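Presented below is the structure to which this report refers.
The first chain written gets the first letter, and so on, giving A, B, C and D; residue counts start at 1 in each chain.
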Amino acid sequence: MCGIFGVYGHREAANITYLGLHALQHRGQESAGIVSSDGERLFTLRKMGLVQAGFGSSEIEQLPGAAAIGHVRYSTAGGSHIKNAQPFAVDYQGGAVAVAHNGNLTNHEPLRRRLEEQGSIFQSNSDTEVIVHLIAKSRGATLAERVIEALKQVEGAYSLLFMEPRGILAVRDPMGIRPLCLGVLPAGSSPDGSSQPPLAGEGERRSYVVASEPAAFELIGATPLRDIEPGEVVQIDESGMTSSRPFAAAARRMCLFEYVYFARPDSALEGASVYQVRKLCGKKLIEEHPVEGANADDCVVLPVPDSGVPAAIGLAQQARLPYEMGLIRSHYVGRTFIEPSQSIRHFGVKLKLAPNRVALQGKRVIVVDDSIVRGTTSRKLVGMLRGAGAREVHVRISSPPTKWPCFYGIDTPTRSELIASSHSVEEIRRYLTADSLGYLSLDGLAAAVREAESAAGTANGQPGHCHACFSGDYPVAIASDERHHHLRVV
Amino acid sequence: MCGIFGVYGHREAANITYLGLHALQHRGQESAGIVSSDGERLFTLRKMGLVQAGFGSSEIEQLPGAAAIGHVRYSTAGGSHIKNAQPFAVDYQGGAVAVAHNGNLTNHEPLRRRLEEQGSIFQSNSDTEVIVHLIAKSRGATLAERVIEALKQVEGAYSLLFMEPRGILAVRDPMGIRPLCLGVLPAGSSPDGSSQPPLAGEGERRSYVVASEPAAFELIGATPLRDIEPGEVVQIDESGMTSSRPFAAAARRMCLFEYVYFARPDSALEGASVYQVRKLCGKKLIEEHPVEGANADDCVVLPVPDSGVPAAIGLAQQARLPYEMGLIRSHYVGRTFIEPSQSIRHFGVKLKLAPNRVALQGKRVIVVDDSIVRGTTSRKLVGMLRGAGAREVHVRISSPPTKWPCFYGIDTPTRSELIASSHSVEEIRRYLTADSLGYLSLDGLAAAVREAESAAGTANGQPGHCHACFSGDYPVAIASDERHHHLRVV
Amino acid sequence: MCGIFGVYGHREAANITYLGLHALQHRGQESAGIVSSDGERLFTLRKMGLVQAGFGSSEIEQLPGAAAIGHVRYSTAGGSHIKNAQPFAVDYQGGAVAVAHNGNLTNHEPLRRRLEEQGSIFQSNSDTEVIVHLIAKSRGATLAERVIEALKQVEGAYSLLFMEPRGILAVRDPMGIRPLCLGVLPAGSSPDGSSQPPLAGEGERRSYVVASEPAAFELIGATPLRDIEPGEVVQIDESGMTSSRPFAAAARRMCLFEYVYFARPDSALEGASVYQVRKLCGKKLIEEHPVEGANADDCVVLPVPDSGVPAAIGLAQQARLPYEMGLIRSHYVGRTFIEPSQSIRHFGVKLKLAPNRVALQGKRVIVVDDSIVRGTTSRKLVGMLRGAGAREVHVRISSPPTKWPCFYGIDTPTRSELIASSHSVEEIRRYLTADSLGYLSLDGLAAAVREAESAAGTANGQPGHCHACFSGDYPVAIASDERHHHLRVV
Amino acid sequence: MCGIFGVYGHREAANITYLGLHALQHRGQESAGIVSSDGERLFTLRKMGLVQAGFGSSEIEQLPGAAAIGHVRYSTAGGSHIKNAQPFAVDYQGGAVAVAHNGNLTNHEPLRRRLEEQGSIFQSNSDTEVIVHLIAKSRGATLAERVIEALKQVEGAYSLLFMEPRGILAVRDPMGIRPLCLGVLPAGSSPDGSSQPPLAGEGERRSYVVASEPAAFELIGATPLRDIEPGEVVQIDESGMTSSRPFAAAARRMCLFEYVYFARPDSALEGASVYQVRKLCGKKLIEEHPVEGANADDCVVLPVPDSGVPAAIGLAQQARLPYEMGLIRSHYVGRTFIEPSQSIRHFGVKLKLAPNRVALQGKRVIVVDDSIVRGTTSRKLVGMLRGAGAREVHVRISSPPTKWPCFYGIDTPTRSELIASSHSVEEIRRYLTADSLGYLSLDGLAAAVREAESAAGTANGQPGHCHACFSGDYPVAIASDERHHHLRVV
């Protein structure tokens, strides 16, 4: 998974982008990059690690101009290397272009083979390089024409930001599998809220911002306008913002897992509040899988922090059971943690989560998480809760069993590693050593999203989502070698 | 504030200490240090920053032996420098000694002057160096005798760990102002739970561990034994563990602020669960300061994460109001954050906390925090909540107004910077622009601790605590120049 | 300028390459890179800075296999960026290929334009990327065929090393403008001279090594075989070493400046010892430009260390004048030197060279350097020598006036910055404030090379060299925009 | 060995000190430190490694004020740790004081024991800490009085710079074993030679500078005044410069090895040019140990660069034999070199020096070095020269056999490691596999110094030097445990 951000028409474009990426940091911690434009040239900086670690004031100064795009990249198994960091920037016959990509192309291997046969060279493992080659080979007169021609050849999930010296292009794939949102920022505004007199030529124009999630707008003081529509191409340059729909219509299929886990709770995607969806999932989960005889005196609800918190709140409210902090999360466990010796490997979850005995002792415990992948962490947690005195441990998962790998940009393990692909719920319960285990049904999850849309008055009668990881129903066909290849790396 | 940890008699002493410091990281992020002993010599390593950033496997290898002590230090205004990092280690006539200190001496300036008059030199600004000078000047035959002689001359708050090549000494000041706890670890156990055959000579002995908080024991698989008592000296060496009480008896006065803010919720101090105390504070807080006409349909309770969470849970349970995540905390804001340009300074709380509109829109909001220092952050949060649609904002603080600086080891600002020292509650409410503001009374706080003790069956009829920051009642006199000096730096 | 190195068939290929690059470090300090092959895949590592700073044992471990190529790159004005570091490695239809390049293509801009028109993308500013595109577009069946097809389209100076998983290719341009040498290393030998039993399958085969200069062979214990010939393609793989001459014959024109300045004194290029050439230059220089009435009592010869040392030795021997260390060179001035404040900028040569008063006081001084570029450093040196007591300062330069920029790989300034392009010798003398100034004639320089060849019995009747920087006689035509462009960056 | 530098009364004191340390970098590369004073407070910065690597403009800005002292420290076997870096700075009853020390106390162990018995604590292994303790215990009214009282208790070699907020003190031990020199810099001058209007209050006063060697004055544009005399105390503060001689008179005994190896060739110590001494040593060396039948046709003289260069020049001039660069030194070998794998350890001298075959082939070679320590490097060099074609190898050493460890500040190995302590010259010759071996006699060395003094008109009839490393005649008694202890670490 990745996060992308862009801004056009703001004198502090690189700063704004830095802040936008900071707000999207949860979507990728492996690398961060910003490309800015001063109207004539592009300036590129990419770093491994967090955006706040790599982009200090001296770095931002190397990124002049009033437009910028940025990218944060998730750590994937094999490909952690600066050459895969984005935005990807090249020179070609049309000049300079940079691209930031969230998603995954399902036909990138056949495309890459075809391009190699035509004499193309590849410097990264990323499917984004394929898109750039297609743009360079296009005969289109403008970047927009080239991009459209290129994207007509690709399949899969993509939310994309392109930058050339004179403008930005934002594109969302025809099914809208990955989110992408548009916002606006008054020109001359400063991200801290103060306003400054407009620069000569800055006029009354507004600055447009684009981000994977609207939560990125809050921090910079921007106002969310709307989601970019599936299949929409938005062009932002000195003549303002224009929109087109060059691709054939397709049913919308935004990723349900964004609601379950990936997006920030304070984002709203396609009109539905992520927080509200999660709370409703918790509510429906305990309706579907009640805990027999649970009462407020001997039974507590606790989240696996932080991803399980909203569902646990919803579940506790629905069940009228006390919500408790039964697991304490360390704020000091990050990706740079070094386990110092052989004998203390595999500390994993113990370093991150600690049991809070006083909340657990003698209790029947309902522990709420968003999903189970391999099951190993959940099993350790159940043991930890029992070790801290829980009388019973009931595991409730606020999404359906994750049985299928994602080919659209989430770095899930291969099928064989997903415990739910080969084990029944009862088998998983036994493996976890839980007293009971309940997953939310796919219908329940879909209903939660619908209700949250209704609550916001945004229900659009197009309830379609991608739920391939739960159902195996892949909305975009997977090239056969992709299917094979992507079982390991996404 | 600082955290200290020690272990004696474990083949992986430095590893264990690393993990113990990791669990105490919330008590200090400025610097971390470990001193180990192989029975003959001490090995010292101190680094600026987090323990996990500075102590990888190659560093741990430089710390051989079966005993170790460690220290994490809080960032203070002026003194961020490696020379102030601890443990402090020196050679003197008794050989090598290292010390890790949590607390603050109230007479260290007169002592330092006296020592300088006697020809002593000082390489740091830390009061800990004073203690070491007093030890070196003692005529005691053993380290324990020297330490006791030295500590009889100092006043203030101290939990101390001393290490010489052949043993460890743990001392808590006569009033027990700072916590210190004792635990045990089976010899031959590995921190990951596996057991190994005892080393030759390791025998059946158990390894003792000492830590600022018992939450450090959970991670390493140790069993908490008890608090070290106020005024107690615990000596651990190859002949086992011995305890003495060389200091004149004094009423116990452990710091109440440990319960309010500093300690981890999964710690129990002097028998009272920190989590339970905080929940009870929330309960009593809403009893003392109810929100007129609040009902579950239009009123929500939300914590300022993470320190306000337990009190908010307790408050919501008591008031039968929904607990919601109304403020989302970023996991990527730490002390290394670099704000990249002039115009985006003062982002402070916006980078750390974002409003969750869907939970706030149109609601009467009760927002719960542990304390108010200068008031600037709280004022921003009230504005943020209103900006996100809250209809009313009621601020509830789970401790009394913080009016007085701490001279016993917490790095509080000077009196003049503490808003409550010069403003009434109503004035503060107006400054915050809150609809109402309520602080928990000192009696309410004390009662919460008592109830948590009762719940654990540990109430010992000695309910005395230090509450000087709330009451100005300083249990240890402050030397006049200390008083002046420590208004700025602690 | 750059240095390249390759080895095939040695179990410690990356180590050997590391050492080879260490010996070629004088040819480039900006970046260093190594690509190794385990027979199946290529492994790439590139770092900014010196090879010894970037390649420790953990880096070398990331470079497995029995073949490797490496590159050190000179710091050029504008393009100091990791993306320009070499070897350049890509995937294309033929698989993986890496290339290390010393030289410069004179038609790379028209080639790049043509490639861009065909849809190619460029990620670096380097002309090497052009070569790789041409290879990828070739229809040749083997890498050798592709390389030959590609190189038939380029013009300019190039010594190249290509690596694919199963072998190495070394190519020198048809005029042999840049040097390239072949050597051999017994298989199973270790670079420290010990020998090891051959690995299974290692057989009796020898390891071949290729380097910009034979001085790189000494360190690794290899035996120099011969120069790779102008226009020669040498292929090294599991079937041994084969040579071909696919390019049209051209007169040999190796760069004379390699003898004057660039190459190590302990290298022999095309049979002529660099040290001997330089000494002969000194000898001829004083013959061409004697210092009137110089005698051993009042006149001393001193080099500008280190590049002027061999010529000064030769000059002093010829003139029977004492050779003295009149300028002391600091060993601690490197490219990472940071001048700490405004007011001490421009220390330049003073930090590097100090006058040795005792050797200068009251003397007539003949100071010998290899060349004058802008003249500013020489002017400072003359002032420094006078300030230290020299009675007269006679400057002697062991090469002709440098009047023309190099388009073949040496990073010289633009014409207008070369003092000799616009000033007569007398004008330069006045600018330097020297008592006299003498440059070696081009005939003298050529004769020095011939004599050194004769001394070695290698004179081959093909005395042609490139002396464009002295004469303006460019052996390879410069594309008009190249000519313009390369006036600034090479 | 170490280098020290100080300046008083210059607005760019820290910059000047930085440059001074840069010029003294050859005296110590392990750590560098600067302490500055703004008249009220001291500011300290110490770093491991070279001064140019640790002190950039941001570091220099942390060192305000018009006075500063600095120190570079040599790498010693055991004690490479930041806590041993200097200047050493403490607070004591007299305020703040910092000290930079070149030399070694021979009675520091008994002094340290005595101080520990009095209750002192030690944080470093350095004997400098002893001096500071003695100062702190003194009852003197001024720093000068305290320093004098302290130094009356110590024995050994010391050149010292002390700084308190209001002035600097420079002291040289009564025998003057280590050098120390005084210079002057016009106030308002900038180190780059430009002058600035005096600051208010700067008046017409001159800035004084003090350095281990006068070569440090050249770089900063200062004028050497004179050596600080053995036993002299020079005080520099706002009332100018004053000198006193508080110690009992002693015969002067400056270290001869400074002339042989340690000092820069462009320094003059006690009136004798180091370069001239070294050349005279070469001259006398070939007189004492001629090479039978050597003539200019078949015999060459070559230095081991760089320390052997001046003696080789003198030797070649005397013997009328050609001086040649027979060994090429790499400029890229420093202390940070990482040998990347097991099998290429012990590359040592091969990485640093390469043979220049063309200068050696078929020749009788006289190779000149300044000293032989263990003999291992010399033996490798002899082998390298023969391997490169030398017909005979005659080793000439421009000092007497090094038989005794230095207790006065040079980090020599223990006696047993010094090959000359247990082997005759003939035995050493055989070990080196040299055709002949000749050392300069002690008389010859002394005569060389005398002649250089005469040449400068500075011969003062006090020819006494310390030559303990050659003769075992230690001018200052060594405490018995020092003697034992310092056999390993100095």
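Convention: a residue touches a chain if its C-beta (ideal position, glycine included) is under 8 Å from a C-beta of that chain, and two chains touch if they have at least 3 such contacts.
Computed from a prediction, not measured in an experiment: that's the story for all the values here.
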item: Shared chain contacts [subunit B and subunit D, defined touch]; value: none
item: Taking each chain's C-alpha mean as its centre, the one farthest from subunit A; value: D
item: Chain centre separation in whole Å, for subunit B relative to subunit A (CA means); value: 36
item: Chain centre separation in whole Å, for subunit C relative to subunit B (CA means); value: 61
item: Subunit B: positions in contact with at least two other chains; value: none
item: Complete list of chain pairs which touch one another; value: A-B, A-C, B-D, C-D
item: List of subunit A residues in touch with subunit B within their complex; value: 12, 14-15, 18-19, 22-23, 25-26, 29, 50, 52-53, 55-57, 59-60, 190-192, 194, 215, 218-219, 264-266, 268, 273, 275-276, 306, 309-310, 313, 316-317, 322-325, 328, 330-334, 336-341, 343-347, 350-351, 354-359, 456
item: In the complex with subunit C, residue positions of subunit A that touch it; value: 82, 89-93, 113, 116-123, 132-133, 136-138
